[in-house]
Structures are given as C-alpha cells and as structure tokens.
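Take a look at the following structure, please.
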Amino acid sequence: MTPRPLTLITDNWYDIRDLSNLSGKIEELIRDANGPHWAVWVVSALLGAIGIVAFIGGVAIINIWIERRVVGRMQSRLGPNRLGPFGLLQPLADAIKLMQKEVLQPKAADGLVFSIAPIAFTVPGIVIMAVLPWGRNMSLARLDVGILFILAMSSLGALAVFTGGYGSNNKYALFGAMRVIAMLVTYEIPSVLALLGLVLFSGTMDLADMVLFQEKFWIPLVLVQPLPFLIYFISSSAELNRTPADLAEAESEIAGGYHVEYSGMKFGLFYAAELINAVAISAIIATVFLGGWWFYKLDELVPGWMIFIGKIYAVYFLFVWTRGTLPRFRIDQLLAFAWKWMTPMAFANIIVVAAEVLIWDETGASAGLVLPLYIAFNMLFAGVLIVAWVRFMGPRFSRFPDRLRYFDRIDVPSLPAMRAPAPAAAAPKSGSGAPARSASEGGGDLRGGRLVGGPRP
Amino acid sequence: MPHAATVMLAGATVAERIRAAVPDAVREVAPQWVVLEPSAAFEAMAAVRDDELLDGKYLVELCSVDQITRIDVVYHIASLAQNHLFELKVPADHEHPEVPSVTPLWVGATLQEREVYDLMGVRFPGHPELTRLFLWDSFPGHPLRKDFLALPGGQKAGLSQFPKQIVGETGGEFRPRRPGTGE
Amino acid sequence: MITDTGIVIAFYVIGASTVVSALMVAAVRNLIHAVLFLVITFTGVAGIYIVLSADFVAMAQVLIYAGAISVLLVFAVMLTPTGDRRNAETSFQAPALVLAGLLLAVVVFVIYDTDWRIASRGQFTTTASSLGRAFFSPYVVPFEVASVLLVAAMVGAIILTQDEDEEAGHAA
Amino acid sequence: MLPEVLLATVPLEHVLILGAILFAIGLYLALSKRNAIGVLMGIELMLNAVNVTLLAFSRYVVSPRPLDGQVFAIFVITVAAGEAAVALALAVAIYRHRETVNIDEIDVLRW
Amino acid sequence: MPIKSEPVEVNIGPQHPSTHGVFRMVAMIDGERITDVKMIVGYLHRSMEKLAEERTYTQNIPFTDRMDYLAAMTSNLGYCLSVEKLAGIDVPERAQVLRVIFAELQRIASHCMATGAFINDCGAWQTPVMYTFRDREKVLDLFEMTCGARITTNYMRIGGVAFDVPDEFLPALDMLINDDLPFRFEEYDQLLVGNEIILMRARDVGVVSPEMAINASLSGPMLRSAGIAWDLRKADPYSGYDQYTFEIPVGYNGDSYDRMVIRIEEMKQSLRIIRQAVHILPGGPHKTEVPLAIRPPAGEAYSRVESPKGEVGFYVVSDGGAAPYRWHVRAPSLINLSVLKEMTVGQTIADAIVTLGSIDINVGEVDR
C-alpha cells in the first residue's frame, strides 16, 4: 500500500479514516489468541455487515425526511417541520404509524408469494452495498466481477415486483406489475451497455480498482464519459420507478400499481425498499462516475467514507430533483424512448470508447495529453448525438406551429354543416343501447318520507 | 360580415325564412321567438340549420318551461359567423310531452336533451341513449314540473315535506296524490 | 493447514437446498410457484459455481437465468390460458421416473468407477481478465458464432409471436 | 477469491453426483410435465446440471487449459438463453393456434 | 387469431385523484386502449333550478356562486345581467368597470387552477399546482378584501355591485397586476409551455375538429383551441367590454396542449384588461337603488357571459311575481363534455385522464 505522507493520525486502529484498520486490529487480536482460522473471516464479514445494515437503517429513515423536505422546498412550501426540530422526527412517526397498522391480505391472495415479494424487493438494494468500496481498502467484498454482480442483483428486482403484483390477486396490481416488468427489462439493456463503456475504459470490473483508476489519472469518469452517465441516470431512474418514469404507481391512471393491496409494515417495506434501491443506485453512480471515496487528496484529511456518502447524497438529490419537477411519460413513449434512443446511443458509445482505449494503448501516449483530448471529444460526441436525436428521431412537432394566433375581433371560418354521426334515426322509444339501468332495477324511492338511495348507475 | 354586437333576430324574419323552406311549420310568431308545430319541428330545425341567411349551425342552448297547460321546449340557436341569435319554441302536451330529438342535427344537444327528459319528463324519440342524467332511474316523477309534489292549495312544496307513498301500489311511475280529487 | 470448513459447509448446504427446490419444481401444483422455485434453483446453482470459484459464470448465471429467463417463463405462463396452470403430469409419469432413476444409477456408477486425475491445485482464482483471454485465444470462432446464434434466436422469437395484423402491417 | 484447498474435503465425486441428481430431476420434469412450459423448465434444469459438471471438471481435473471448462459453461448459458427464447415463442405460437399448451393435445403434425 | 384479451371495465372516479370533483367515467378497455366511455354525473345535483323558483331574484344570486365555485364572479355577473335586461335596469359606470375588474381577476384565478390541475394529471407530483395555487391565493385575498368571501363571493347585485372597493384595494391590485403576476406568467411560459414531456403527453391528445366544436356547441378554450376565434367579450360586449383593447388567443388543432397554452395566454390578456379598467375607473355610485323583492315585468330574457369555462347563459322567465317562473342556466362544463366520448375512444387511459383535465370541467356546474 502506498505510504500516505499527510497522515495526521498514524496508522493505528483508532484512525477512523479507514475502518479497515479497525477490523485489521481485531484480526490481530484473534490471531494472538490463536482462534480458529475461519473466525477471522466470520468477524470481518460480521463487522462489514453490521456497518452496512446500520447505514441502510439510517438511510431509510433519513431519506424519507430529505425527500419530503427537498420536494417541499421545490414546491415553495416548507415540508414537514412539526415533529421535532425541522421535522426530523417525521419519518419516525411514519414508521411507527406503518408498524401499528394492521397488515391486510386479500382473501384469494397467494399467501406465500404475497409476503415474500417485499422481502425479495429489498434484498437487491442491500446486497449491492456489499460490493461498493467505502474507503481505500474498506469494502466488504472486493469481487473481481464487481459490476457484473451489481447488474445481476438489480435484475432480480423485476421478479420481486411480479411476485408482488401476481400475489395480491388484484386486477390493478397485475396491470401495474406487467407494466413495470416490461419497463425494467427494457431499461436493463441501456444500463448494462452504459456500464460496459466504463468497464472498457477503466479496464477492470472491480469497483475498488475503478476508484483507484480515477485516483491514478486524477479525473472522475463522469467527465471522460458524459454520455454513459446520462444513459445510466435515465435508465436507473426508470428502473427505480421514479418520475419521470413512475409508471407503476401512476395514481392518476391505474390507482396504486403493484403495491395497492399492501398495507401496514409490508407496504412500509416496499416504500423503504424503494428508498434503499435509490441510495444503492446513487452509490453505484457515485463510485463509478464520481470516484467514490477519492477527492483530490481530500481523503487524507476527511475519512473516505464521508466523502463517499456526500457524493451519494449529491446524486440522490438529482433523483429527487427530477421527481419534484418532471411530469410522467406514457408507457409506450417510455419504451420507445429506451429502444429508439438509449440503446443505439449506448452501442455508439461503446464503439467510441473501444476506439479511444485502442488508440491510448497503441500510441502509449501519456495520460496528460490523451485525457483532455478524450474529454473534449466525448462531450462533443454526446452533444452531437443528442441534437441529432432531437432533430430527426425525436417526437416531431414541427407541423404544429407553437405560437397561437391572436385576433382582436371574432372571426369564424365558414364551415360545412357537419352531419352528426347519425344514430339509428328511428330508434325505439327507450333508445338503442338501453343500458342495464332499467327501471325494474328498483332502488331508492320515497319510503317513509325520506329520500332513499343516492345517485347510482 | 358579423355584426359588432350579437343581434337578436325578430320572430318575423325567422318565421318568414322557415315558411320559405317548410310551409306549415310555423304555428305562431312572437316579436322575440317563433313557435313551431311539433309535427314539422324536425324539418324546420334542419332548414334553419342549413339556411345560408339564418346559418343556425351553433345550438346555444336547449331547455324546457312548464306552462301548466303545455310544456315548451325552447331552443336558442345562433350563427357564429354572422353573430346573430334567435329563439324557437316547440310546444308539447303537458301529460305526455314528446318532441323529436335534434341530436342528428347538433351533437351538443345529447346531454341537454337528457337533462330535459330527466327533470321535465319530455321524451325525445331519435335520441341515441335517452336515460336520466342526474337522478337515478327509479326516481319517481320529474322534479322541475310544476305539478311535482304540489300540495293542497297549489302552494309549491318545499323539498322537505314529502307525502307518504305506498310502495307498489302506483308501480314505477309515482303519481302525486291530490287530496280532494280522489285519485 | 486444515481446509476451509466454511467452504465445505457452504457446498453441502447450497447443494442440498438446490436439490430440494428442484424437487419442489416438480412437486408443487401451481405453475407460477414452480417457476419461482426454479428461480431459487438457479440462484442455488450460481452459489455452487462460486464454491467452485467460477465467479464470472456465477454472475452470468444469475443475470441471465434468474434475471431474464425467469421473466420470460413468467410472461409465457401469463400469456397461456389459466386453465393449464395446474402443474399436472402426463400419463408418461411413471416410466419417466424409472428412466430418470436408471440414468442416475448409471451415472453414479460411472463417477465412482473411473479414476479422475485430480490435479493437486492450490490457489485457483480465475479473474475475469484471464477468462476473457481464454475466450479469445482458442475460442474466437465459437464466440462469434454464438453471437450470430443469439441474433437468429431473437429474430425467430419475434416472428413466431407476431399477430396476424402486425404481419399484415409489414406485408402491406 | 476465497483461499481454499478444496481437494481434500469435497471430493470431485460429490459435485458430480449433485450434477447428476439435478440432471435426473430435469429429465423427469421434461418427460412428465403436461404443460409445455413445464417441459421447458425441465430442459433448463438439465442444462444447468451440465454446467455444474463442466465447472467441476475445470476446477478439479488435470488439464493444460483449466479455464476451458468455464468458457464452455458460458457458451452453454448463451445457447440456453437463445433456446429458451425460441422455445417459449413456440409455446405461445402453439397456444395461439391450438388454444392449449398441453402436450397431450398437441400431437397432430398437421396444423 | 390474435391473443384474446377480454375487455375490462375500469371505473375512473368518483373518488379518483384526478377527476375534478365527483365525476365518474366508466371506461371499457381492451389492453391499454379504451373502447367505450360512459359518463355518470349527478353526484352533486342540488336541483338549483327548482329551488330558484321559490326565492326572490336577489335571493337567487348565492346559487350562482355555488354552481361554478371556481368562477363565482362571472356567474354572478351573468345572472345580474339577465335580470337587468329583463327589468330594464341601467347600471352606473363605476359598477360596470368594477364588474369587469372582478370578472377578469376571477378568470385569472380559475385558469391558474385549471393549468395546475392539468399538469398534475400529466403526472407532475403536485409541483405546478403549488405554484399556480400560490398565485391564485393572491387573487382570492383581493376578493376577501372587498366582499369578505374568497370563493362564494356573492359580490354582484342586480343594478351594480354589493360594496364599493375599500381604499387599500387599488394599491394592492396595482402591485399585483404590475409587479407580481406578469413575472409569474413568464415563469409558466418557460416552465410549462416548452416542456418536452408535456408536449409529448398533450400533443394530439383529445383532438376536436372545428366542425365538431361548433356542432357540439362547445365554448370557451375548447372552441378557441379548435381554431375558431369566438369570445363573447368581443362578439357580444357586455358591461362595457368594448372600451378595452385585448386579443383572443386561438389554437390550431384543438388538442389538450393548445387548450393549456390558450389558458395561459388568456391570463395575460386579462391583466391587460384590468390595467385599462383601473386606469378609467370613474367615481360615482356603485349601485342603482333596486327594491329588494324586485318584480320584473312578465316576459323572458337570455343573456350570456364569457366565463373561464366557456359561455355561461341565464334564461330567466318571469310571470310578474317576486320569484322567477323558470330559471335555467346554460352550463359550459356540461355541454363541453358532450365530445368526451369522441375524444377518448381509441386512446389509452393515461390520455383519457389528460383529456379530461384539459376540458377543465367543474362538477358543481355540470350537476347544478
């Protein structure tokens, strides 16, 4: 490990900048007490797991508060500020409310599947956290196939959503589940290709190595690869069911989507899972695009994992920002957007990145010369592609001039008298399609001087 | 050229245009409106709509007035191009009012005719789906009629004083009981 | 140095759970439950790959089988009539059982009969890059042929499931 | 990834037996299920069993290029994915023409 | 033989987050497409026309607030104009100008509500509604300052207006229409009119052809979006509208997007009118003395006003008594719904919700 010149606190166990020292110290203790070989593994795994679960627990609560406050501020209102200072106890109140609510299960629902769905939906979000590098050598599992592991886990989410929709035996829920699966599977392809571009450029799939790559070349990958950042951000916001793609629980259309039948803590778990997945995805973006714990030597002074959490919440703010402002896509527009724009852009991007890496390796040029050149080219390339898409492939509204016409007096064009759609001229007295509301249906009448029965079809 | 302000056409001019198209359609001409024969009402309406002078392509409004002896269905028709407005009335019998539906001529009339049927009880043969618009089907009677729930002495009934009604005896159509007339 | 009991325990636990969930796929009555148990089997098999230290293949397995093929199966079950969703057996059940048993017996005998030349291999870690290099050194041609096969499969699947009107649309 | 000397503890035979069991279950599924999708599930299971044995050999047996087993396993996975797509498309197409997906009733070759 | 998907009946409303009030739409859908739409109204029916026959002319004014409760002022104005026409009462100059000011302020408030709710139906998480309601609050504060009520204002009387404006009204109005609202409407233009997602969601959704618009007697933004330049303030100038110069925004192809942009433009035109009105506000009485139980001569009158929803008409028949013999209201929201079926059949549910939002109905007016 390279020696770090600017170390204020020497490398012993209470150096909080890198908690691996702590676990290293504990391993030493076990070896001194010559415990069994596997005990070291178990202890370090437990330490990492406890760290992650604590982070997840804290995040699930804090994010509810952050999201409601930030979206509130965007809508020029205050957001929760009644419970506790600045409304900090509001998420706690929500959690308690959800816990004491009765968990209903529809009678004909598929019990086993119905209760497994929220758990299966939460697992990917938590498991992804294990692979992320929180500090220089502080990552629970330094998998050699880190990014592939992330993709595999996030692809499990689609199935969990289906089990939720199918299990609750409700027409709307199944409707929502089918929509969401179509969307998730469609948006998996652009996100895989976008990350492939990054793997190509940094030459490794291990996330910790990627951060070291960015530290070595002293540049966050978002500058070098702007297009994959855009593609991954949009496709992950679709995968997380967040506006502008929150088709699943589009209240104005089908009410509630796949978690319409859930109540009590099961719904709470679905809600928390959404937040945890959002944090997991923003953690991935922070690691891969913004250079996780590294920030131009800042990680000497400030603990690496604090920088990392700062970056996570920077990306998370982006998600909340889009949620607060953008209206929702329609399902077919969303899928067309994925197939017609995102996937071809991702393919084009991979080709360009491959060419760049090839040039870099063949010429063996120094990074100082090559990287700025690549940054400029990639930015230009992204801009050209976007403009080209908007001009040619995007929804064409050219035939409707946007500005309105203004008249200072009435002007009605003389139009031919329109033949209304001729209903059956000699329709029988009670109208052709006599609806089911015939008088014989009975119902409200003037019994006992009280008007009985409200308006009914 | 459209008039500066909407002109209310006089009954005479409208009547003269209608007689030109459908001779025996006009029953009576008043300064502000024209009363049509119910039998020839539909042809007169069609003529009014397609006449180049009257150009009644825009049905402003359709409602009904209960004149005790008869029920008038009032049509306000306008021409947006020439910015003028005129009024036609079609009288109908008070007990079994029936006026031909104008939905084949104006689509806008569908909901308004259903409202008139619902509140006044005027039947409109030719209407695609003549059912009640606001009230539920088994609501007895049509509230806007003057004789609806009339109490002794002809004083109009407030909605809260409902006389007792024996279910089943009068079948679906609830006939308000008039004490003293025995039925 | 005593070997890693952790890994050995892991192997037997994951192996047992995989076999049990595979049996459940056959035994459970509802087809959707069968698909879900199949997904559990796939992830179990991925666990075994990790124990055999084939990380890349394990991740590929989870991504492709548990992520994509299971969704494919679920869609297929949803599209077909609900009447057929009972996980019923055909009349050929008993002979199938006997056949499978016989085959199992033969294979087990073969396993114990031949003497495998076990390589006394110590550290065996495959990195994605070494696997990638192995892919391209002798197996470049199969790699390209596999991609052609995938494209053919995709086109075939789309054409097979086209509605009449869509076909008419294209034909016109 | 995990330091392990597996040799002495989990003999190759156990892994192969696991593969064989999975293969037998897959075969039973493929042969006995009434629903076409049940049969496809059986086939997928058999392919997985083959993969397990391949990786076991690549991990244990002496060979000049030990990674070939994994390469071959990945080829099997890609082929299985393609095959699953086409097979399910077939199942849906059959359903559309014959109103059923039961193997018993689809035994007439003429459409 | 395509994959059979049996049509599903979906109830949208009456307790649906995006219908505006208790309005119920039963849609038969096949997959995503709507095959048939049936409208069920009447949940808010108070039979005002029957009640009005038992109250004096002045007692009927509060009914008009509660019909279109988002545009109370314009309904008041319509009813007072028809009674004044029937009884031949002339209205002092100051009252006429005040009536124009308050009618236009009410138009701004109603259009704010309509635009916010429409974008909310497109799926934005209540953000635009918060902004448009903030601006609407400022207008309602002015109402509260003059007539004590924010929504059911009951401000206009037969022969003029109920109260004269307090002293602090004009400076507050001046500050609102010159320093505050113009910049807000610029914000709407930048945020909403150019927004690509709204363009994609609202373009070509709920299209009405000019012939169908006239034949179905639509009015207001529905008619103007179809390309017909018809506004009662220009066609039949009432209450002194002919002295003001303003323009009517007209759309091109009658889709939901045009209607939204027209409403935003109309708000700007209303600002122009209010500025001119404040400029020429004369002194003098705010009301002619009219007996409380006025008995107009026997006869009938029909007068109409351009309300934010369309043409509100009052057909009043009097038999010389203290109460109107027949009191009929032309409700633009109800008549604008007659094309709902033609607009939504064949589209998806999401589009049907957007179309309903763009028609901007007010169930109080539909059911009366």
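By written order: A, B, C, D and E. Residues from 1 in each chain.
The rule we apply is simple: a contact is a pair of C-beta atoms (placed from the backbone, for glycine too) under 8 Å apart; a residue touches a chain by one contact, two chains touch by 3 or more.
Nothing here was measured: the structure is a model prediction, and the numbers come from that model.
Colleague: With chain centres defined as mean CA positions, report which chain is farthest from chain A.
Modeller: B
Colleague: From the C-alpha centres, identify the chain that is farthest from chain C.
Modeller: Comparing chain centres, B lies farthest from chain C.
Colleague: If you average the Cα atoms of each chain, whose average lands nearest the overall Cα average?
Modeller: So the chain nearest the centre of the shown protein is A.
Colleague: Out of B-E and A-C, which chain pair has the most contact pairs?
Modeller: B-E
Colleague: Distance-wise, how many Å sit between the C-alpha centres of chain B and chain C, to the nearest whole number?
Modeller: A distance of 74 Å separates the two centres.
Colleague: Distance from the CA centroid of chain A to that of chain D, rounded to the nearest Å?
Modeller: Those two chain centres are 33 Å apart.
Colleague: Round to the nearest whole Å and give the separation of the Cα centres of chain A and chain B.
Modeller: Centre-to-centre distance between chain A and chain B: 59 Å.
Colleague: Go ahead and note the Å separation of the Cα centroids belonging to chain A and chain E.
Modeller: That gives a centre separation of 40 Å.
Colleague: Two or more other chains in contact with one residue: find those residues in chain C.
Modeller: Residues 1, 4-5, 55-56, 60, 68, 75, 79, 125 of chain C touch two or more partner chains.
Colleague: For chain B, which residues are shared contacts with two or more other chains?
Modeller: In chain B, the residues touching two or more other chains are 2, 57, 80, 83, 106-107, 132, 134-136.
Colleague: Going by the contact rule already set, what residues in chain E reach two or more other chains?
Modeller: In chain E, 1-3, 42, 45, 212, 214-215, 228, 230, 235 touch at least two other chains.
Colleague: Hey, which residues of chain D end up touching chain C in the complex?
Modeller: Going by the criterion above, the answer is residues 1-10, 12-18, 20-29, 31-35, 37-38, 40-41, 44-45, 48, 51-52, 55-56, 58-63, 65-71, 73-75, 77-86, 88-93, 95, 99-104.
Colleague: Can you name the residues of chain A that touch chain E in the complex?
Modeller: Its residues touching chain E are 71, 74-77, 171, 243-244, 246, 250-255, 323-333, 395, 397, 400-402, 404-413, 415-418, 420, 435, 454-455, 457.
Colleague: For chain E, which residues count as touching chain B in their complex?
Modeller: Touching chain B: residues 41-42, 45, 47, 49-51, 53-54, 212, 214-218, 228, 230, 235-237, 242, 300, 302, 304, 311, 313, 315, 317, 325-326, 328, 330, 334-335, 337-339, 367 of chain E.
Colleague: Which residues of chain B touch chain A in their complex?
Modeller: 2, 49-50, 57, 80-81, 83, 103-107, 123, 125-132, 134-140, 162-165, 167, 172, 174
Colleague: In the complex, go through chain C and note every residue touching chain A.
Modeller: The touching residues are 1-2, 4-6, 30, 32-33, 36, 39, 55-56, 59-60, 62-63, 66-68, 70-71, 74-75, 78, 125, 127-128.
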